[in-house]
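To keep things simple, chains are lettered A, B and C as they appear, and every chain counts its residues starting from 1.
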Amino acid sequence: MIAIIKYWRGPLFWLALLLLAVFCMGQFEFLFRQLTPDAAEVIYHRESFAQLLLNHLLVVAVAACLAIIIGVLAGVVVTRSWGRDFLPLVSQVASIGQTFPPVAVLALSVPLLGFGDLPTIFALMLYGLLPVLRNTLAGLQGVAGSTLEAARGIGMSPLQVLLQVELALASPVILAGIRTSVTITIATAAIGSTIGASTLGNPVIAGLVNGNTAYVLQGAVLIGLLAVCVDSTFERIQHGLALRYGG
Amino acid sequence: MSDAAMIELRNVSRQFGDITAVDKLSLRIEKGEICVFIGTSGCGKSTTLRLLNKLIDCSSGEIWVDGEDVASLDSKLLRRRMGYAIQSTGLFPHWTVERNIGVVPRLLGWPADRIDARVRELLELLSLPYATFVHKFPSQLSGGQAQRVGVARALAADPDILLMDEPFGALDPITREALQNELLRIQSHIHKTIVFVTHDIDEALRLATRIVVMDKGRIVQHDTPENLLNNPVNSFVEDLLGQGERGLKRASLERVEDFMLPLGAAGLPSLSIEAGSSLRQALSLMLWQRADLLCVRDQAQVPLGILPISALLQSKSS
Amino acid sequence: MTSEPNRVVLTLALLALLIVCLGDFASVQANRIVPGQGLGLLAGLGWPWMTGIVVGLLGLAGLALRPTGRRYGLMLGLSGALLIQLPVALAWFIQQHISAEQPYARVGLAASCWSLLFIGALLLVELQQRVVAGRHWVKLILVLLFGVSWLLIGTGALAPLALLREYSSRSSTFWQLLYGHLSLVGGALLASLLIGLLVAWLILRVQPLQRPVFALLNFFQTIPSLALFGLLIAPLSYLSAHSPLLQQLNVRGIGWAPALLALIAYSLLPVVRNTCVALQGVAADVIESARGMGMSGWQVFTQVQLPLALPVIIEGVRITTIQAIGLTAVAALIGASGFGSFIFQGLGQGAMDLVLLGALPTIVLALLADALFSSLASWARAGVQR
């Protein structure tokens, strides 16, 4: 038990700070008062921080899960012998797509789907797909030919080769792609406030519009803590995976 | 010759585009023999091996394994019946030695305790101490150890047939020789049918029951090592055997006990050699010690006979 | 010799055919406020034009069934033609549906037009690698596409396009924003290069610094842009309020100052990481042999290490630039000048054409930066090989 806590102390620390910020922001009113002495309200109250955090997480989770499923599936399909025709196109598109700024993708999803959570999720999914896809391709193509030959030679079925050998060996690289993807998704979801998604970006945008620096700071702190918390969790998972494979 | 060969190829061909890698090959491999394919790179020997476990399909012809046409067999099930070891080991880098060796039994659905016992037995057989190696990852093994694990994996499900594609090709000469001896020792216990691909003629002569010399997708000669040395069919086989060294190569295949003479009344020579040694070793000892007579003893140092240098020039006595 | 069908081209051509037949090509709006009315290919362009496009796509699919070297050339030509006819088709559409008495009427691109553009681009990507000198042909097609568009814009034939209507009512702002966007990106790039190279040099000398420096730079990358911008506002307004010098420089809590600082923080990681990797990646034996030939430390650096490392460093600059172009668009939220202004204004007003006027140039800038630095890197790589 102690060993587990010790292993996860990084993410736990950030999680504690995040929860503290979410539930005890009001306690720090005197500090924020210093920033905006003239404002009528110092603590953002339009929605509760917990609600914003939950919705932010929900948007990110849905988008990231879709991105991971589609990205890994696409990566697998184009590396099978029957899908290999599409490999050059897909890998080119994945690398060209990553030059598109996330904000632009977010903005362009509005004419397609309108305002709200849905276009945000769609844009995040589309953009988050690229790092997952790219790393899946890199990971699968990095598996040594002799390993694949041996796997087939000892009588594994194609599905067994894929699951037990290829994906297992590529998993550290794929996980790195998922980490990048989730980091971008969390950041872009915050900007999603501008297209009507209800996320932790709301206080920041409201603060910027009303000139209330305290709001901006509250939103910024929460977004930052959430990102660091999730990222440090991924760092631990990657670390664990590396240990398991005998580093 | 028994009626049903373990493996039989009938007029087997394989084309890659315009290139014919294997050209109308017909061949019988008997049960319990070590059949070694040898030839230059690109002669079709590895392709032939891959045809046997259907990693590659034949363009034409038939392959029969243990009385069944492989075309009618499911390739996965066929492969699980054949051990497969390759030069780069192909060990799965994300699995421990234990899991690597146990992979085929696991595929076959063996219970865990039986797999565990089998892994123990195989590590023992390949002289890898169980406690030291069982939880290691392939990246933590030396080249020779990894190759031993590779062979153990090939043997795991106790297949009748073992396919080995230059398994010792990447090893240093000392380790390679140790593993060759190991393979011969194991084979004397397990009596598998082994199909072995190599480009090293010494390895072929040492291991083979019969050797298949291949060139440009065809069989040039299919014979026992002795016959190959004594009667090479053409200059290609002669070149492969290495013209200048043929005498020594043959001598290394012949055993002292087959050439020794009975103990005479005269006293025993002071230099001795074991009965199981090769003529080559006997000759080397004579040259080094400038002696023309050796005493032949068994493992318990009991004298069995004498070996004068003239005996080396006779054809086999028995 | 029989050849396998090219399933990629086949799929793309049939997909395009489906969308072209089902989707609207363009929409007509009487003014900026009212909703537009979408028109399909037949209603919008008439049957001769529609036939042309359909036959072109069918031809593409037909050629893809039995591709040969020559047919790939034809396919590339057909794909190019499909793209190049788009601006002409739009001009034709405008002539058919907008009269000169409607100065506020505007035409927006709709699904099938966007799809043709997008699938056309995919076709170019796919075919470029199948045709001898494909890259050059694709470049020629792009030049022709932009040339034709430019020509049509010049004659005013495309003026009722919604995007151009938005542009013409804000052309001076547009160029100001371009200037603002580029100067922020350029400033951040320059500063991060200077600081980044210095930091890289330092941590290569003082190895124990590597871990903490990379941890810090990684940490910056993890903080979402909106958060970092927001976090910088409070301290900067405080500093500005207490320093007349900063006030003179127009440094305030919002505006260019927090944007630039955040951009530099984000840009440092790619620059430092790639520089370190590149310099450390020069094989030890190469350096050893250079030393062995009697080169001084400086000569080893300038003649061996730097030329070998340059392509990787340029790759770092490429990543930095693309990232900075996107982040600058976000920085519009904290009042920094850039195409983000159009995007967020447009989102605020629900004016999608204005959003496009902000988003498309941002994407184009990123693609141009990508092309520029990619070719610089390959030029540097070729220099190494020479």
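Please note the rule applied: a residue touches a chain if its C-beta (ideal position, glycine included) is under 8 Å from a C-beta of that chain, and two chains touch if they have at least 3 such contacts.
Because the structure is a prediction, the values reported are computed rather than measured.
A.B. asks: Starting at subunit B, figure out the least number of steps needed to reach subunit C through touching chains.
C.D. replies: So the least number of steps between the two chains is 2.
A.B. asks: A-B versus A-C: which has more C-beta pairs touching?
C.D. replies: A-C
A.B. asks: What is the distance in Å between the mean C-alpha positions of subunit B and subunit C?
C.D. replies: Taking the mean C-alpha position of each chain, the two centres sit 60 Å apart.
A.B. asks: If you average the CA atoms of subunit A and of subunit C, how many Å lie between those two points?
C.D. replies: 22
A.B. asks: Taking the mean of the C-alpha atoms as each chain's centre, how many Å separate subunit A from subunit B?
C.D. replies: About 54 Å, centre to centre.
A.B. asks: Given the complex with subunit A, which residues does subunit C contribute to the contact?
C.D. replies: Counting only subunit C, the residues touching subunit A are 6-8, 122, 125-126, 129, 219, 221-231, 233-234, 237, 253-254, 322, 325-327, 329-330, 333-334, 340, 343-344, 346-347, 352, 355-356, 358-360, 362-363, 366-367, 369-370.
A.B. asks: For a test of understanding, state which residues of subunit A touch subunit C in their complex under the given definition.
C.D. replies: Contact set of subunit A toward subunit C: 35, 85-86, 88-89, 92-93, 96, 99-104, 107-108, 110-111, 183, 186-188, 190-191, 194-195, 201, 204-205, 207-208, 213, 216-217, 219-221, 223-224, 227-228, 231.
A.B. asks: Considering only the defined contacts, which subunit A positions touch subunit B in the complex?
C.D. replies: Touching subunit B: residues 144, 146-147, 149-157, 160, 165, 168-169, 244-246 of subunit A.
A.B. asks: Quick one: in the complex, what on subunit B touches subunit A?
C.D. replies: Interface residues on subunit B, with respect to subunit A: 53, 55, 75-81, 84, 86-94, 96, 103-104, 107, 136-137, 139-140, 153-154, 163.
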